[in-house]
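So that you can tell them apart, the chains are marked A, B, C, D, E and F in the order they are listed, and the count of residues begins at 1 in each.
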């Protein structure tokens, strides 16, 4: 069965909301995967647009859905959530942040709606690190309430730094640094002001053995104005469009590969 | 002062989130108007996409902001809210609805963020009738909490029906009927399937003197599957792209005129 | 069947809560209409009692129920809600206001209780404009959760002003002006102090084409201390008991006519 | 100073909401006591109206305020809350119950409003036993948030039973039994149907040493349909108007005496 | 049947959480009683540990369960709640207090979990007076939602004062006074500093006829810093380990007797 | 200054709640670290007690605090939270789980209380994996609201499996497997029933490249009854007390090392 040729008027679209309600009801099955990109509108320093994380989630999420569909998956994209849990930047004008409870209720209600479509799987394609923990809580809540299979995948996959393995971001290039700046330079160079891009690496939080932003055994609570930088953590000055292009392709490939894994993953044992 | 030439990298953009945080802080004043379009992803019958109200809010909202800015207003657009209060269609697969409390909290938190930018005014440009009452409650809440001037304006302005004054929609063309179908035929004809468009006018609720969908003294609570139609209230069969084009221009002109009024309206007495 | 002669001890009462529980269970059917008046205790300027909107809702609501019952409807009245959504007057001592969420939960829970009685219809007879939008949200919520038919009707119906069509209230006589003052002069003259009644018409918000308190395409958020008046919007100085008597009879007649329409209105199609 | 002669239009009223907002602001001081009666609309068996507890709270509350004011206290009455925490009767049609959270928020918000008036003391005069624990929680919350002195007093004070000390209600005459039935026989005999009044004493819960409805060391959770009676706990058959008259006068005297104590009680040490 | 010999590895334990999940499922029946001790971590003056109420609830609760089980009841103990509703001491560093809503939700969710075990009865063994009213509200909520029989019993039972009937605590020895200080002197003398123990009896709130901390007809809202004492209400100076030992045995005996009553008490009528 | 010798009555205690309120106020400074252990009462299969995670958090948390204090840190322990976010086991009798919102509010309120003590740092020492994401959300919330430095550290640190590097748990030994079973065998062998311990490794979820329980780029939502095992994920049959002893010492050493790092870590730049 071809999933793309039975709706004459929207050939090829993978945007769920471009279908009609009855089309959704007719086409979606337990094998259908719905992707909800989650971005952010939040301060990313003087050189990047507020829209940075939205752009990553929206473009990678959308491109991954299209490519995975072309490769045979029954996968669909919901409109990207623009306003999410950006409270670590709530000191900075331009940030639009939801409280944790509101964000949680929103994504759980997305799950409720996806369950109604008949789809069996919901995937959050997330462009904003500040959403990760909350979305992980939501994965379980949605599975428990609505019995969907639920997943969370990132829309930015790391590569060695532009000048080699992490160069000197010291593992701290997490917000507005070389990676994100490069990707926006690649995607929307008109929105980047490299004349304002600097190295903002808070060296005093580097080099700890246990405590890390990601992946260490000890997590810590932080706000983006904690570090003595203008709300950025990373070295924006090393960004380049070419590195962005490489990150772009790598992130997309990772997202597509993840969707393929998701399509064949089931926590339940084989019958 | 020109509000559009001081940010070299984004000449002419009126999209708030394409600015950086510091740009927002530097440029916004008490005269700044921020427009939050509110759409919906909800069932609109077999002939229209779920995205219908989103498209109206997003396109009219955006075009009105651009035109009003070109005419001298300091006005900016936030990303359109896709998921809103669509509970009257929650029986229909494909609808993504937020609970009243979640929607309320979301828009109040948008108000909180707008107040932080330094802007003095927040306008909801709303494409979904089901949001109106809730947004009216929010207008007051946001004004009370954050002292913004707050407004709600529609993104679809009515004209006489395609075949004359209301033709025979009987004043009931409120959801998926001639007006909305025509506008999407004009904007995104690829998303409309006129072969499934019919007359779905619930004549049994027409002709009441007090009770009306809008504007009568008596309101009533309804769900879109109450009326014996496939979730549509209106005559989609009379839709046409040309009528849609007329509605489009009329709606845009009304929205722009509303923004001009908003810019000079202040509930507070002149000093 | 006479609905009024089967309970010997309470002949003629239409007050639901004067019945016993088993009487309610025995008498109520899907044709039964329950009316919930909603008043307010809120600042109405120096000349009117805080109880103004409560009096309108309670008296018009009660009289309309009695008259409609005498004309054959199976209609019953709940005790009037005194404390409602009066946050626009929360700056003024004497106002007792509920938060939006608390008011919403209260009226939804009234709906829950009415559904348990076996009645098929719930009507809010509302005396306070600040409740309208919130009650409209509740109409749908109650219908969705409890399957009642739900309606909202006002307890004050407008007439041409005391000196002709609106005289010079400029369409702004919405709170404590000629109409409300006249009605209280008619109903409880002991509670009105006309020596303090003045013309408080905020002319600076009149004459807008789009933006209006009621009925314009553009709504705005306001607090009653926005306008440079002592919390009143209207011309109290033109009030008279005779105009109040006319408003009284007109409002009552409109409410009764609305109940008759409600009794025969059903969103669902005829079987 | 006479507190009753400075508002010509409402001589003698002790109903707060019959004042205007500015009158409240001008007259209330830290010595002012505001009384909030709390009733209920809930099943009281086949012989009593749903309004029973409302009537007790409203009439005793109002009469106590009037008498205490005549005796020199600066005391005022708010409109009686009709819908309260009656979930133990939520199985019985006609009961209108609020969830615990909604009731709690409502009375805390009453406290917020009373604090704004300038009064120093809020007293709940409660006619419904099911509210006691929740109101006790609220007393502290209101004191903590708004710094009011807060009190809770009952509007029914027990006397020896109509036929002597408790006759054979076994200490279980707590809902719809001899006391309440007698008081309504005294106050509103038209609302009582003694032909349906029976002895409904759940003897199987009497005689425990620790566990009691009130006053024992061990509390228990109950619903009014637990006991094998028609939602009543007590002996309604022994009710009489004359016993009701005695209870009435005793309850009123106790309430007035309580208000006098309240007026001179301060948890804070003397200066 | 012996309830203690079927789980070889945990002979004799009455701690529910020392069982495995399947053991709970296999052993619990409608006759099973689960005891949830509720303590507090809150200021008890300079002489007592923050843990005072926790110790009372934990030790008396645990000892009562063990003794009642030895006497044949099928009774089990959950881990003691340490953080509860201590907002009256929230001014004092070291107090860990939950908001009323959070505490309520917590104990209702304990009820949900107990219902899942198959047990028929939940008993709160409470060491902190500030929890009583809230737990009483919860008793009904849990019974209504989960159909458990629910009870609340204290873990401190009063005796005549150390120097005779109340000596001169004036009925005010409610927090950190002779009784609690004596019990901790008996249980954990290492945690008491008698050199800082004084008489802190707020005599200005004694001697009222209606208003009392406990047991009077009129309740009042208080915070522990209202009274001009260092957050204590009572006479700590009279405490002694021997009086504590007597209280200890009396409280334990009362708790055990209460559990026996609870085991044979059923609000429902005998079949 | 010695932090342990200034309170004669509680020499050496590091349990915050064994101090009095005034002691806390006098001793705590911005350098003080408060540790909140978070356990769980939840199904761990037929061989382990419900208390498993509580024991890990309580014992490792407590021992780490004592050792770190002995090594000079000003660190204190709060009573361990027994009931936490165990909804993945809510199908299993004996589990006591809090909803996400209740757990979140609880730990944020713990943060509020810790901030009041004057301490500068709050560390969650967590024994239950199901709490991690929610606690990470709380770290930021508490930092934002109360300005504490906040951290999350685990109380079980992994070692190579009992028979070598992971033996054949396939990286899936996350709940009730070799590690947890061994630790309880070491700590409380009376609570383990090895006769019921089996290999419950859901091989069908092993070997994925992106999707993993922990540490993979893609997270998924799961319930412990998803996998076709009796609520366990891991190989309990390989557990041994000696491996438990090694894990115990390793976990404790890691926790102590983490506390030392935490004591010298500050997100804020050096002055």
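Keep in mind that, in the parts below, a residue touches a chain if its C-beta (ideal position, glycine included) is under 8 Å from a C-beta of that chain, and two chains touch if they have at least 3 such contacts.
Which chain is which protein? Per UniProt: A, B, C, D, E, F = Creatininase family protein.
The model shown is predicted, which means the values in this text are computed figures rather than measured ones.
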Touch-network distance, chain D (Creatininase family protein) to chain E (Creatininase family protein), counted in steps: 1
Same-site or different-site touching of chain A (Creatininase family protein) by its copy chain F (Creatininase family protein), using the half cut: same
Centre-of-Cα separation between chain D (Creatininase family protein) and chain C (Creatininase family protein), whole angstrom: 28
Intercentroid distance (Cα basis), chain E (Creatininase family protein) paired with chain A (Creatininase family protein), Å: 49
Separation of chain A (Creatininase family protein) from chain D (Creatininase family protein), taking each centre as the mean of its C-alpha atoms, in whole Å: 56
Junction residues of chain D (Creatininase family protein), two or more chains touched: 90, 101
Touch list for chain E (Creatininase family protein) against partner chain D (Creatininase family protein), complex: 85, 87-88, 90, 100-101, 104, 130, 132-144, 148-154, 157, 202, 204-205, 208-211, 215, 217-223, 226-228, 254, 257-258, 261-262, 265-270
List of chain A (Creatininase family protein) residues in touch with chain B (Creatininase family protein) within their complex: 8-10, 15-25, 28, 41-51, 54, 78-79, 81-83, 89-90, 92-99, 101-102, 105-106, 109-110, 113, 116-118, 190-193, 196, 230-231
